[in-house]
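The following pair of complexes shares a single chain, subunit A, combined with subunit B in the former and subunit C in the latter.
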Partner chain A sequence: MKTRSVKDRSVALLAWVFMAGVTFLFLYPFWWMIVSSFRSQEAMLLEPTRLLPESFNTRAYGDIQTLGGVKLWLYTFNSVFITVAATLIAVGVTALGAYALYRKPDLPGFRFIQFGFLMTMMYPAMLLVIPVYLVVFQLGLLGTYAGIILFLSLMPILFLMLVQFFRSIPKELIESAKMDGASEMQIFRKIVLPISKPILATVFLIGFLLNWKQWLPILVIATSPDQYTLPVALLSMNTELGIDFQATMALAAITTVPIIVLFLFTQRRVIGGFVAGAVKG
Partner chain B sequence: MAKLNLNQLSKSFGPVEVLKPMDLEITDGEFAVFVGPSGCGKSTLLRTIAGLEESSGGDILIDGARVNDTDSSERGLSMVFQNYALYPHMTIFENMAFGLRIAKTPKDEVTRRVNKAAAILKIEHMLDRYPKTLSGGQRQRVAIGRSIVRDPKIFLFDEPLSNLDAELRVQMRIEIARLHETLGATMIYVTHDQVEAMTLADKIVVLKDGRIEQVGSPLDLYNAPANRFVAGFIGSPGMNFLDGTVEGAGNGQCCVALACGGHVALPLRDAPAVGAPVTIGVRPEHVSLGGAADEGVAATVLLTEQLGDETHVHLSVKGSEGAIVAQVRGQVKLRSGTGVTMMIAPEGCHLFDETGLARRDPAAAQPEIAAAS
Partner chain C sequence: MQTDTAVPIPFLAALRPARWRHAGSNIWRNRIFYILIAPFAALTLVMGVWPIVLGIIVSFTDSYTALTPEPTYVWFQNYIDIFSDDLFLSSLWRTLLFTVLSVVLNVTTALALALILSSRSLKLAAPICGLALFLPVVTPEAATFIVWKWMFSIDFGAVNAFLEDMGLPDFAGTTKPLQAFFTLVFVEWWHHVGFYTIIFLTNLKLLDPTLDEAARMDGARTMQRVWNVWIPQLRPAIAINSIYAVIQFLKTFAVVVIMTNGGPNYATNFLSFYAYSKFNLADYGQALAMATVLFAIVIGLAVVVYRYNEKADYR
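What follows is the complex of A and B.
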């Protein structure tokens, strides 16, 4: 009995050490990013793996207030505006589509559309660069917020999550409302949406997190740095003249820290959203 | 209040014909119960009447008007679902008022009608609460209240008590019966529980494999089942069946030799031909124990179920697949394996021919039993 207990403890300790190691591997780059944003380029090159900065050198945060002639606040505004707008549209449109699929799964073409959505998730984004450019150009939306937002609002994963959730709503609830005389739109608005608030919030958060980090479509559709978001600005810091590590890390910190904080506060809901589909399916 | 007629109504899901063409009339103020085993089509029939499923053929007439193509909300029906189907984000008041508000009923009228329905069901004190704070019975009462508020022509109930425990089910059954008396409305009730059907119905519709097997009052069905299926389905414990052969007929009597030994002489003028294989059906209350060995059938006790005021004795007899149940008054203690003589009351016997159809004289549908009931 005692031997077993010792063995169990050893296994637990090993597991703990392993998990701590993995956690360190994942967290260290973020920590390095934040620490490096306060260290000079020279210090970074001399002693790259230092865990704490020698001093809090905030030069980089001042330097990045204007990047490529565009103010940092504009990049931040673009990031927030584009992400929020695209995610709101994505949630609104996919919720309507998912509801339609839930109510009339046998409508012609629906299965094909659903399959198409799955396909787009499997496609590497790079393959879409030229088609996206051509489509947005044809629509006359090149270089506009509308073009960027429209493209980023195509989020099939949200559609699939919402379909899974709607399928878990008892059909009697809908039928009861139908017998009460409610139209499809009234059923959606007065019954389905209110009871879907938690999943809608989850889906919005997931959409927000996914859209925040987008850079390739924005780089393709935008025609001026005025429309760039923080990740695109970050990318543009890697210039032919070299890299300012400290400034890059400062901008990376500004780009990622708020979203990490948001994730930490909402992770239960986000992970729950992913799992809900898997379990209830 | 309204009457309902089904004329050759049928329903198919793809190639599967779930409801075979059927005719049915439910009169004004009647309490009709659709009963049958799982998969017999009773819920589909109710949903088709409600307009939640499209019929594949035939007509649904409410007060003589064909409603097949009328939207479910405009048929003047309301439905109580098995899982209550209460809107979880609305209070009880809002749940009950939902239909009226959709119909843009004036606010005062909504309040008046909800309060009236709440008073009938004694749920006035919980109007501000949310469904999740209510027990199963209370939720079902709210669901019924939501139906009452709409003042429908016909109330539809789809197995409304199936989710409740036994005690609550009895209580709610009584409440529904009382509600029917109070409102005098036409009600259609679906259940697989034949006790619910017997206690609630004015008219029972027995379904099997999408076909109506028999329609009648509970006692009609109990006393004069049209076929072996209805005979076995209605009544608890169920009817016993014994195989036999007609060995003689005449003078208004039909004598059957039972495969398990013994003979039964039934009062029956329209008897099958001598030698025809038949099945004798006898309810447990018409099987007794004791008597002379040469007058009865030798049986062995399998087990006894003590119910207090009566005892159900399960017996095994030669040539019978299932157990034969005898319903004996009082508390009878018999060890399993004990040999007994089983007596069958001929006046309580039903005769089913080879096809399973009951054979009985048209005028006299078990007069002795009817009188006793």
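What follows is the complex of A and C.
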């Protein structure tokens, strides 16, 4: 027994050390990004892996107040506005659609809608942007917030999560309301909506995180940097606006840190939602 | 408004064929569901079905006329062109190789990480490790891929600084073809493995504990329990993760645009990136022919995996 527990303990220690290394590998790039945004280029060249900046050099944060002729606050506003608007529309539209498809999958036309949605999910999301560019062009929505927001509000993963939730509602709940003579509208408003509030919050949160990340559709549909969001501005800095390393790290930090904070506060909900959407029945 | 049962009007109803009468009243009775689904249907049609159909149509037209009201149809010419383009063929094989490598790497390491994280001795540390692993899934890839690009830089990247500290030779990162390919395999792994790990972790928590107890009573060692008790029960999770991973990695795109731009010497020129660069050259016909080919591959693979999975369930 004794030798076994010694062996168990050394295995446990090994597991600890290994997972500490893995955790470091996943957190270090974020730390490096933040530290680098406060260090001058010269200091970086001398000592690339210093864990703390030698002094808080905030030059880069001043320099990126205007980028490519556009103020940083406009990129930030675009990010918040486009993300919130697209996610609100996505949650509303997808929740209603998922509910209708869950309740009456066999109504005339519903199968077609489901099929169309499935195809949209299968089409390589990045490449869908190419024909969407043509559609947005034909609709005359190139270079408008409306064009960007409409495309971003089509969010397949939210649909999977919502359908998964609706399936978990006990059938008896709806059946008994029907027996009591409730109309479908009443069932929806008085029974389904109230119990859906937590899932709607989760789905909104995940939609927010996913839309905040978006860049290609915005880059393609926007016609000028005035409509760019933070990630798109960051990417244009990566290519067009030269290679000011420190400034790039500063903008990357501004794009990422709010999301990290939001995620840390809501991790249970977010991870639970992702899992529910992925493990579909 | 409130009457949900259609009022039968025998005279009028008799004039219509029975089937239509039935369908019509069915639609009317369920009008609330049509109202609920209308915005969703409109969005799916305008931003999903229409672009996909238009994409397939444009893949049959001449690029110069694709955006005009009366495009010239060249039918399969774009497909013939891309399949006689060596760059396309090599990008196709490269994408498939990358996908196979990444799926195997991600699913096996995610399974291993989940098994380690669920062990009793890591009870305290597991939540923090889980969060760290999941962080890249939710943070903007535009930022994380740029950070990795610089981490691999020769001059002030952290990767080479670490290697030098340990007395190891420099890693060329994205500057040499083979190294660039594996750099992308690694960075994509870093970006996605947390998602698959969390799926496995959740499924591990749902396992039947009595089976494990029984195996333990019989004196099975840890590795035997992992192989003979846990992994067989995780089969559905392995299947789901593999499907997701296949679809995920076939579409690999952002990391290429941000870190390598397809180079050096086309070593990271993946299918979706090549299609996108054709699109940037306004070569819509060929770009969409490539997109359609990738779409067909994704559908084909999804169907195969789904069928296989269904069969496996009945064993």
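Rule of thumb we're sticking to: the second predicted complex is superposed on the first by the 247 of 281 C-alpha atoms of A that agree within 3 Å, B and C clash if a C-alpha of one lies under 4 Å from a C-alpha of the other, contacts with A are read in each partner's own complex, and residues count from 1 in each chain.
Everything below uses one rule, namely that contacts are C-beta pairs under 8 Å (C-beta built on N, C-alpha and C of every residue); 3 or more make two chains touch, one makes a residue touch a chain.
This structure is a prediction, so every number in the text was calculated from the model and none was measured.
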Partner chain in contact with A:249 - subunit B first, subunit C second, else both or neither: second
First, second, both or neither for A:58, with subunit B first and subunit C second: neither
Partner chain(s) touched by A:122 [first = subunit B, second = subunit C, both, neither]: second
First, second, both or neither for A:224, with subunit B first and subunit C second: neither
Larger contact residue set on subunit A - subunit B or subunit C: C
Partner chain in contact with A:12 - subunit B first, subunit C second, else both or neither: second
A:173 touches, of subunit B and subunit C: first, second, both or neither? first
Subunit A positions touched by subunit B in one structure and by subunit C in the second: none
For the subunit A and subunit B complex, residues of the former touching the latter: 170, 172-173, 175-182, 186, 190-191, 194-195
Partner subunit C, residues of subunit A touching it in the complex: 8, 11-12, 15-16, 18-20, 22-23, 25-30, 32-33, 36, 41, 44-45, 47-49, 92-94, 96-101, 103-104, 107-110, 113, 116-117, 119-120, 122-128, 130-135, 137, 139, 150-151, 153-154, 183-185, 188, 209, 212-213, 215-216, 230-232, 234-235, 238, 245, 248-249, 252-253, 255-256, 259-260, 263-264, 267, 270-271, 274-275, 278-279
Residues of subunit B defined as touching subunit A within the complex: 50-52, 72-74, 77-79, 81-83, 85, 87-89, 98-99, 102-103, 146, 150
Interfacial residue positions of subunit C with respect to subunit A in the complex: 2, 4, 23, 26-27, 30, 32-34, 36-37, 39-41, 43-52, 54-55, 58, 66-67, 113, 116-117, 119, 121-122, 125-126, 128-144, 146-151, 155-158, 160-162, 165, 190, 194-195, 198-199, 202-203, 237, 240, 244, 247, 250-251, 253-254, 257-258, 272, 275-276, 279, 284, 287-288, 290-291, 294-295, 298-299, 302
